[in-house]
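Please find the structures below.
Common to both upcoming complexes is chain A, partnered first by chain B, then by chain C.
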Partner chain A sequence: MASNRMFIVSHAPFWHNGSGIARRNFATIVAALPALALGVIQYGLPAVGVVTLAVSTAMFWEWLLCKATRRPVTLGDGNAALLGLVLAMLVPATVPWWAVLTGTFLTIVIGQQIFGGIGSNPFHPVVLAMMILSISWATIFDFNAALVNYDLSFKAVYPLTVVKTFGSAGAEQFSALDLLLGRHIGGLGATFGLGLIAGGIYLMIRRIIRWEITVPFLAGIFVTALCFQTADANRFAGPMFHLLAGYTLVGAFFLLPEDSSSPVNTIAMVIYGFGGGVMAVLIRNIGVYVDGVLLAVLVMNLVSPLLDKIRPKALGKVG
Partner chain B sequence: MTSEKDLKVVTSVAVILFVVGVFCYAAYSAKPPDEPLRIFYPAATGNVLFQHKDHVEAYNADCLDCHHHPGDDSGLMACSQCHPKTVAEGDPPPDACLACHELDDIQDQPAVARADAFHKQCGDCHQGIGAGPPAADCSGCHYL
Partner chain C sequence: MTKLLSAGPNTPLMTYELLHQTPLGPQHITAAKDITLLVPGTFERREDLTVKVGDGVRTGQKISPFGPAGAYAVSSVTGTIRAIAPMSGDYGRRYTALTITKAPAEQTDDAFSGQAPTLETLLAFLRAAPGNPPLHLFAGAEPAVHTILVCGLDADLLVATNQYVIKAELAAVSRGIAILKEATGVPTVVIVVPRDLVQGFGHTGATALKAVDPIYPAANPHLIIHRLFGQEVPMGKSPADLGFALFSAESVAAIGKAFDTGRLPLDKTFTLVDKQGRKSILSARIGTPVADVLAAAGITTADRDRIIAGGPMTGAAVYSEEMPIRADTDALLVQAAGSFALTSDYPCVNCGECVRVCPARMQVNMLVRFLEAGQYSNAADLYDLDACIECGLCSYVCVAHIPIFQYIKLAKYELSRLNAAEAPNG
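This part shows the complex of A and B:
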């Protein structure tokens, strides 16, 4: 039987394929750079300040925690740098320095180290930190308020706010091309759709993230948005808008598939991803929050261990 | 576990990034332009994002259409300088009013609160020219 091939094991010594946490993290950092680059081009040196401060302070908190708990310093694995970078992708370019410092503290200490460090966090650390920050200081993370002093070459209102307030007519201000090319306001590294898609495809090809999570998530967004639009086309925007606006793409490629907080079995991954997509659009369309992706990721992180109960029957087990 | 050599490299990178970050925040923070582009008004009934630049450039509004008092360039100041967020009985007039008026002359005339001033000014203007959201259309200006 062909399936028996998977059980063939050669004798030692074994050869390590080189894959490791550091390599995965640095590949993810590379994948995030195109999207961040456009943010830096649009918002200039203040954006550079946010990114560099987020990465460096995230590394500082991890170093401090390692020292305080007398554990080996693990800065070289790139984990803290990656988390700082992902946090920078989600925030506006004008976020104050103390919010970055607080955000990286929440990410590294509350979101990850308190649970035992890398691989032990039940929630995506950055998403947890962003939710705490955005609930605590809503105006700082309201993109419409944060970016009032930028003279941009496109309409500087947050697309999801427009749709939430004015219904689907508001979505007509933003073409799919605008959303793909980053001609709308939002998180520093969350608006350049093409850059995020390119980075996401790279991560899927390298199997650093699992398509079994990302693709069902996008399908969940599409199907749910289509259902809403079919029910009331005046009130709810179409699926393409929801796929390209807000945190959808950054969530699909950089948040939802995080190793520690997502399921490991295939069927569980599909349910996890699809459920995340459904939740995100439900929160956007009938919840009080403008964007539902972060909350959807947190909710799906919460059910991830339960979903992993759906597992293949053990080989050789009878009955 | 990171080797000593790698740790030195990574720590150096972190320190450099930190210095760059502090420098960018200290020297290149986004500063408000002389003339506002957009003005954000937080409100319990839904925030308002006023498109100042669009009103001036795209809708050809004259500065004095909104900055109506005293009717010359001296009135080109922030609305909140004459229209405080809240006005209670017995409140002294705003400092901006006292720059021109004597206290005795205006202390019997309470200032118009910002929200009331905006609702009247914006609503009347929109109604007068038949464009923009009317005062009765709350969600035309206020968003969640």
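This part shows the complex of A and C:
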């Protein structure tokens, strides 16, 4: 009777819901594709070059770091590819190759790996990299200067710069429909409002990003922009403009809700999202920077651990 | 069910099996040759034991290897003790395994027959009854029990054992309730069943009938107390500390049957789930090897399969088919090699699924960081380790496949060892 079968012994539970990091990352990549597709259509081969270079170099840096630190190579989880892709969404299509290479290095190595890799980054790696890049080489990321040689079917001026310079009158050049359909310049995957919204809704339905962060963020943008507009309608653009221009939508769906750098408790997520929205418009309207979303994301990333202290009391906890 | 969840929203809503979804299997399985009884406790020298290899035992005979006052088992067969060996269970639990070779003819021990249904009799004979009645709660000067709960449902998924027992053996359950009331002096007995099965409990002698939502983990003891009685079990305490004694329906039925028939019940009812997920309810004598059960049910095993005593969320994998059916083995689950997800050493990505699914509202994402680093005291002090009610949902939803539940159990065990070691000094 004595059989000597080798059974697998492991700890409970013996079921799993089938989720996985790779599945989440690939779903996020899919969600980013519509917005990127329009960028590729508008800017042609240079855009393809930027996207492919960003994805491949991001993966290369992660591979190199894994090898250098003698850890298993984790490229299969899609994390480096996703970060490269998100970086590509934010940059102008004309960005030089060395800036992409530096950007992915900053993203993967400085933004994530030196903190301990996936799950340990306190900031969204791409946002951190973008801030370093745009402070270091401001002209490359000035969309007006970068895209000046493109022959586009719409006005080749960056909406946020126009508003910064000319006040709300500048915003009237851009209808909400233009902004939704990507008829304005910006990051090569950050201008197609409808595509970003479609991807974002898909991610929210899949529960890969949390609506508790995204919706309050958009609400924060709306409410703050409305306050500014009410205070001085000549100087400040309206809430719809701020919702659809610049990095707002890409921030709402791809930057702010990043797992590692965002809180997990409901109240904390709402404050985090709303605070991000308020900060973004504050920086846009009264700060020196043209777009405030990236800085707002960084600031909220910074307070995320603090916000997560707002947590429900555990079952049976006394006092 | 799990397929659907993996594609869609990650918030699991897993429903308990209901009895009508679980057919009866081959009614009764008998051991082929040997049975193994596990008595809690271990020994240093064989000579200290009151039994030795070669002793004859009769069916229903109480075996107390550590003397009359110690833990005991009840032999479920007639035969000869072939081997006595110490055995380790999970988390430092130690047993003495008595292997008994069956004799051709069955003789019944009659020490129990004619005993009056008093607390002393219950403690002396029925602590090892099928379903493991928690009679130890009535043994010492521990906090007084004011309410007995008779659980007509199982805490884990897939398992329909106690639902079956409370339906099929309601008369025995009623008799058991009467005996428990009489013997323990506890006036309040509450039957707990799934919401869909509340009909037909009019004459059980129970004080009240309470219904549990059929959604996992509502049948967890801590959540039963919380949701049905409005009391939160304090962190690190058990329902018994609040005066609730949870009996499985099967253990109450066993008590009823024992005094009705004058014989100690020996058959353990359990739910068997095969590799295809087909369920059936069967019974076997306590001590029957898992191999005999699988053979009788026509289940063949292969290397790298997984055999689980208990349900899919909280059971325990066994490493050998020689392991016996025990008094608390409510289910036996067989998973084919390659059909299950394995855990990984990936870091937590802070997605927050565990936090949102945790019924104890714990900060599992932060907790696991401390647990991975072995900082168990910090985990308990800062992130409420002791609030865990051990449902396993955190591991179930973890996108990084971290064995969170195992970390938590390990941490609790290590801390309890630490506290036990420090107690004499302080």
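The criterion applied here is as follows: the second predicted complex is superposed on the first by the 306 of 319 C-alpha atoms of A that agree within 3 Å, B and C clash if a C-alpha of one lies under 4 Å from a C-alpha of the other, contacts with A are read in each partner's own complex, and residues count from 1 in each chain.
Everything that follows uses one rule, which is that contacts are C-beta pairs under 8 Å (C-beta built on N, C-alpha and C of every residue); 3 or more make two chains touch, one makes a residue touch a chain.
Being a predicted model, the structure only gives us computed values, none of them experimental.
Colleague: Give one of first, second, both or neither to describe whether A:Trp98 is in contact with chain B, with chain C, with both, or with none.
Modeller: neither
Colleague: Who does A:Ser260 touch here: chain B (first), chain C (second), both, or neither?
Modeller: second
Colleague: After the superposition on A, what does A:Val73 contact: first (chain B), second (chain C), both or neither?
Modeller: Once the two structures are laid over each other on A, A:Val73 reaches chain B alone.
Colleague: Could you tell me if A:Leu45 is touching chain B, chain C, both of them or neither one (first, second, both, neither)?
Modeller: In the superposition, A:Leu45 touches chain B alone.
Colleague: With the two structures laid over each other on chain A, which partner does A:Leu53 touch: chain B (first), chain C (second), both, or neither?
Modeller: A:Leu53 contacts chain B only, not chain C.
Colleague: So in the superposed three-chain picture, is A:Val157 touching just chain B, just chain C, both, or none of them (first/second/both/neither)?
Modeller: First partner only.
Colleague: Go through the superposed model and pick first if A:Arg311 touches only chain B, second if only chain C, both, or neither.
Modeller: Second partner only, chain C.
Colleague: Find the residues of chain A that appear in the contact set with chain B and again in the contact set with chain C.
Modeller: After superposing on chain A, chain A residues 77 contact both chain B and chain C.
Colleague: Considering the complex alone, what residue numbers of chain A touch chain C?
Modeller: Listed in rising order, the residues are 1-3, 5-21, 23-24, 77, 116-120, 205-207, 210, 259-260, 262-265, 308, 311-318.
Colleague: In the complex of these two chains, what residues of chain A are touching chain B?
Modeller: Touching chain B from chain A are residues 43-46, 48-57, 59-60, 63, 72-77, 81, 93-94, 97, 139, 142, 144-145, 148-151, 156-157, 161-162, 164-166, 288, 290.
Colleague: Quick one: which bits of chain B touch chain A in the complex? Just the residue numbers, please.
Modeller: 1-3, 6-7, 10-11, 14-15, 17-18, 20-25, 27-33, 36-40, 42, 46-47, 49, 53, 139, 142-144
Colleague: Help me check something: in the complex, which residues belonging to chain C touch chain A?
Modeller: Of all residues in chain C, those touching chain A are 2-3, 5-12, 32-34, 157, 222, 226, 232-237, 289, 291-292, 301-308, 310, 312-322, 333, 335, 337, 340-343, 346-353, 355-356, 359-363, 365-366, 384, 387, 389, 392-393, 395-401, 403, 405-406, 409.
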